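Following are the structures in question.
Paired with chain B in one complex and with chain C in the other, chain A is shared by the two complexes that follow.
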Partner chain A sequence: MSTEIIKTVGVTKCFGALVAVDRVDYSLRENEVAGIIGSNGAGKTTFFNLVTGYYPPDEGSIFYKGRDVTRMTPQQRVALGMTRTFQLTSTFDNLAVIDNLVLVYFRAHRDSTLLKLLLSTCRRHRNEDKIVATLETFDLQHVRDRLVKNLSLGEKRRLEIAMAVLAEPQVLMLDEPLAGLAESEIKVILEVLGRRVGKQTILIVEHKISHVKDFVQRLTVMHEGRVIADGGYEECLSDPEVRRSYWQIDTEQEGSKHAAA
Partner chain B sequence: MSAQLLTSGVIFGLSIGSIFFLMAIGLSLCFGLMRIISLDQLLYYSVGAYLTYSLTLVTGNVWLGVLGGVVVAGIVSFAVERLIFRRIYERELTFSMITSFGVLIGGIGVIKFFWGVVPRPVPVPLMAQIDIIGTEVPVYRLIVVAIAFLVYAGIWLFLNRTITGKAIRAGIENVEHVEGLGINVSRLFTITFIIAGALSGLAGGLHAPLIMVDPSMGLEVLAFVFMVVIIGGLGSIKGTLISAFIVGQVVSLGSLIYAPLAQMAPFAIMLLILLVKPTGLYGSPLLKR
Partner chain C sequence: MAAMVNAWRWWWGILLAFFLVGLSRLFLPLPFIIEVLIFSIYTMGCSFLLGRVGFISFGQPAYLAAGAYGTAFYLFYFGSNPYVGILIGILSGLAVSGIVGPLFVRLRSDYFALVNLALAVIIYYLMQKVLAGITKGDNGLWFLTNIASTPVLDLGKPDHFFIFSILVALAIWAFYKYLDDSVFGACCLATKINEDKLKFLGYSNYGVRLLAFVIANTTTALAGAMYAVYLGFVSPEITSPARAADPVVVTILGGTGTLFGPLVGAIAYTGMKDVISKLIGNWELFIGFLLVFIMLAGEKGIWGTLQPWLERLFSRKKASPAAGEGAGARQ
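So, the complex of A and B:
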């Protein structure tokens, strides 16, 4: 059985009177591809921010490979092997595409003294095999020298995921990576991610289940800050609470309709 | 106004603009990346000037004094960043402003303790003059302008060619996302703070031979440096350079036309620019923490 890589125990986060994440116990195993879905305001992104260290939890603990990382900064968690993307793209608009990738590559592969860090030039790293391969994989060669602010949303999303993948994390965490994209762009991103299934632990937060149903091995449904279902796609889909809360299907009414029929 | 007077006014404006640029660049970078208003940069300016004074007395070489001033200002800024600013980055902007003002006032006290309150003269390292359109212009002032341009080029190359520079630019856009890449943001903050402090020290060292060095010299240029940063746009190097020269010229030529204009006109220009472009000449509305 594969090892547990991320585990949360009773994680809670409140914003004033609003309980955004309510005592969530969650675990993610090595090389598992898991999805978290839920309607708007379900607490998915807040939970994501808690796991990646952007919010400190009010209660509960977060473990990474058995190590308590609850009080670690996002940067320390990245160093341990967790890399995330953001709902709104986290690329740097005033840098070229290639420079965004070089920043990630250098951080992931550096053996830097302060002097090396200060004097290392971007030019030296621009033709690294891995960077060139990443540009090809994500179909970004034609825009490699373009400023990110001049890219389309689809290209920005591809770049952001490319940056996350280039960092070679142990856990790749994607926060609504398909939001606002055209179907053709979604296909490209799912295809690239699909190639990593079985080779990497991936946690993907999505609003729409249709985007991730063929991709994830396990699904977790959140509603009003709580986990209301956890398991396979079919299992979650048939869960009465999921039907009521996520699909907003009135199960009782549906039952009486069936009886009448 | 005669051509000679105008030429010497322009050269004076360029040299004072260069000093403003060297001081403002630190303030601008510190705000752009760390979102702090680092008034203590004015202390490093005084430290640079006093070290130049003392080392010139000991060695007899002003340039060596300037170099010493740069190094010591960098060291002092490093210590202030580690001991004070590191603890307040997360606090509100006004908190950093008040804290840095406290550091400035405290630092002025230390300067008074060591050097006293009597203004000190520093000799001009180069007495030569050069003829420009029939006007004798001090070569030292031209050297100050050249050094400012060299610093601009160096900072530009650093920010646009090195990985650390790109990381700083990325941080000016969004610190949180830089942290998300696993880049050591705290180290970037320290590097930026030292660069800022050292450049303020350089400004003090270069300005020392042109003025009398006194403990409150930083406070005297405070308003001008602020104007330069605001007109240029927070976080913009190019904007800082251009606005430093605008303010320098307005101060210099304004005083030739009507003395009180030198103090008043830069404010009028700042208000005018802010009315047309609230983010300053080159400030980005994208700046966010």
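So, the complex of A and C:
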């Protein structure tokens, strides 16, 4: 039995009168690939933001490998081994693609004290093996020296995921990583992530379940800030509440139609 | 050999610019060139903060005064070696920015601009009124005759001071050019545009901003120390709130965030001040109109507008052209 790497207990977040995340208990085991799905406004991204430290929860606790990280800053959580992407693509648009990767590489694989940042040049790290390999894996070699602001949305999205993968975190947390991508680009990303299955803990928040159904080992469905189902893909999708809230299938009507038939 | 070629590509712009400044000694008055050099060092910190970190500062005279008064106190009360005076000026700037920096860099850019302006006003009144017993108030500290001769470069002699200014300015430019290409420089650009992302990569936005703030304002203090030694006189006028916008104006005039912007801006500003003030009484009015025009023309400033034109003119194809777009992009 693998160990629990992330655990939340009664995590709640309100924005004014809106309860965005409502007493969520959740756990993620080491090397597990889990997905969180739900309709728009279900609280997926807010929950993700709570776990990664973007917001502090109003109530409840978050544990990382048994350690309470509820009040830790994002930097401290990154240092423990969490890395995330954002729902809206988040990169450094005023830097070249290669320098976005250098920043990640430097933080993840070098001593990133201010003095070291000052004493190292980007130029020196641009040809590091891991950076070159990441560029190849995500098919970004042809834009390596281009400013990120000049990339297409798909290229930017690939770059953001490449940055997260290059960081080699213990927990890779991806917030709607496939949004806005063409099918060919989705295939590339799922292939890359697929190679990490069993070697890394991955948590994916995704709106479209079809993209991740073959990939995730466990699915959690959220609705109106609550977890309404948690388990295998088939198990979750056959859950009446999931069918009603996520698929908007009225199970009673469906049942009476079957009875009438 | 390849390393030498790369080094030459890296340096040729800076060397050429300073060669031209040196050459200008033949046909321009010495005080004008020295003022341009010191003003460009003064503006360099402001340009770095605005262009790299996204902080606009209307309080640069505060750090200029820290350097100038640090040097002036030493040369007026304690000693006579101008180099020691300049070193004390630099340390004064380092101390002031080290003390206020941890508080100021936590602020948003608009509040940052105002709190720096407030600091300049505080220092102005401290020097003019509160500490008038030691600063001699509006009369200022006069210490030109206290400055001792020094071997090799005697800073008491204008020609020697000019050489010293060129060497210091060249060193400052080289340092900022290096900063642009450093991982720290990339972090500065990153925190300017996407602090959330930088935070979630595990970097400290606060630490990056604080170091940038201290570096920029210590550079400004160096300019203040050089002013003090060059003029042999310092008064509260150096930190006058009326002059608070000067480095910002020169930064925008030259081209925000560009390496040569401060030099070009300082030449344009000092030149206009000298030429136009002889023709028109209120020369600042002309600068104001020019600034409005430059902003409306695309915020690129003089260097930002000239650069693509010059690149086409020389059409030097770099080995990795687009790499220059990135962290080391400032030219």
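The rule is simple: the second predicted complex is superposed on the first by the 258 of 261 C-alpha atoms of A that agree within 3 Å, B and C clash if a C-alpha of one lies under 4 Å from a C-alpha of the other, contacts with A are read in each partner's own complex, and residues count from 1 in each chain.
Here is the rule we use: contacts are C-beta pairs under 8 Å (C-beta built on N, C-alpha and C of every residue); 3 or more make two chains touch, one makes a residue touch a chain.
Remember, it's a predicted structure, so these values are computed and weren't measured experimentally.
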{"item": "Fit-or-clash call for chain B and chain C when the two complexes are aligned on chain A", "value": "clash"}
{"item": "Contacts of A:L190 with chain B and chain C, given as first, second, both or neither", "value": "neither"}
{"item": "Partner chain(s) touched by A:C14 [first = chain B, second = chain C, both, neither]", "value": "neither"}
{"item": "Touched partner set for A:A167, first chain B, second chain C, both or neither", "value": "both"}
{"item": "Which of chain B and chain C A:L237 touches, first, second, both or neither", "value": "neither"}
{"item": "Which of chain B and chain C A:A179 touches, first, second, both or neither", "value": "neither"}
{"item": "Residues of chain A at both interfaces, chain B in one complex, chain C in the other", "value": "52, 54, 73-75, 78-79, 83-84, 86, 90-95, 99, 102-104, 106-108, 114, 117-123, 125, 163, 167"}
{"item": "Of chain A, residues touching chain C in the complex", "value": "52, 54, 73-75, 78-79, 83-84, 86, 90-96, 98-99, 102-104, 106-108, 112, 114, 116-123, 125-126, 145-147, 163, 167"}
{"item": "Chain A contact footprint on chain B (complex, rising order)", "value": "161-164, 166-167, 169-170, 173-174, 176-177, 179-185, 187, 191, 284, 286"}
{"item": "Chain A-touching residues of chain C, taken from the complex the two chains share", "value": "178-179, 181-187, 189-190, 192-194, 196-204, 207-208, 211, 320-323, 325-328"}
{"item": "Chain B contact footprint on chain A (complex, rising order)", "value": "52, 54, 73-75, 78-79, 83-84, 86, 90-95, 99-100, 102-104, 106-108, 114, 117-123, 125, 163, 167"}
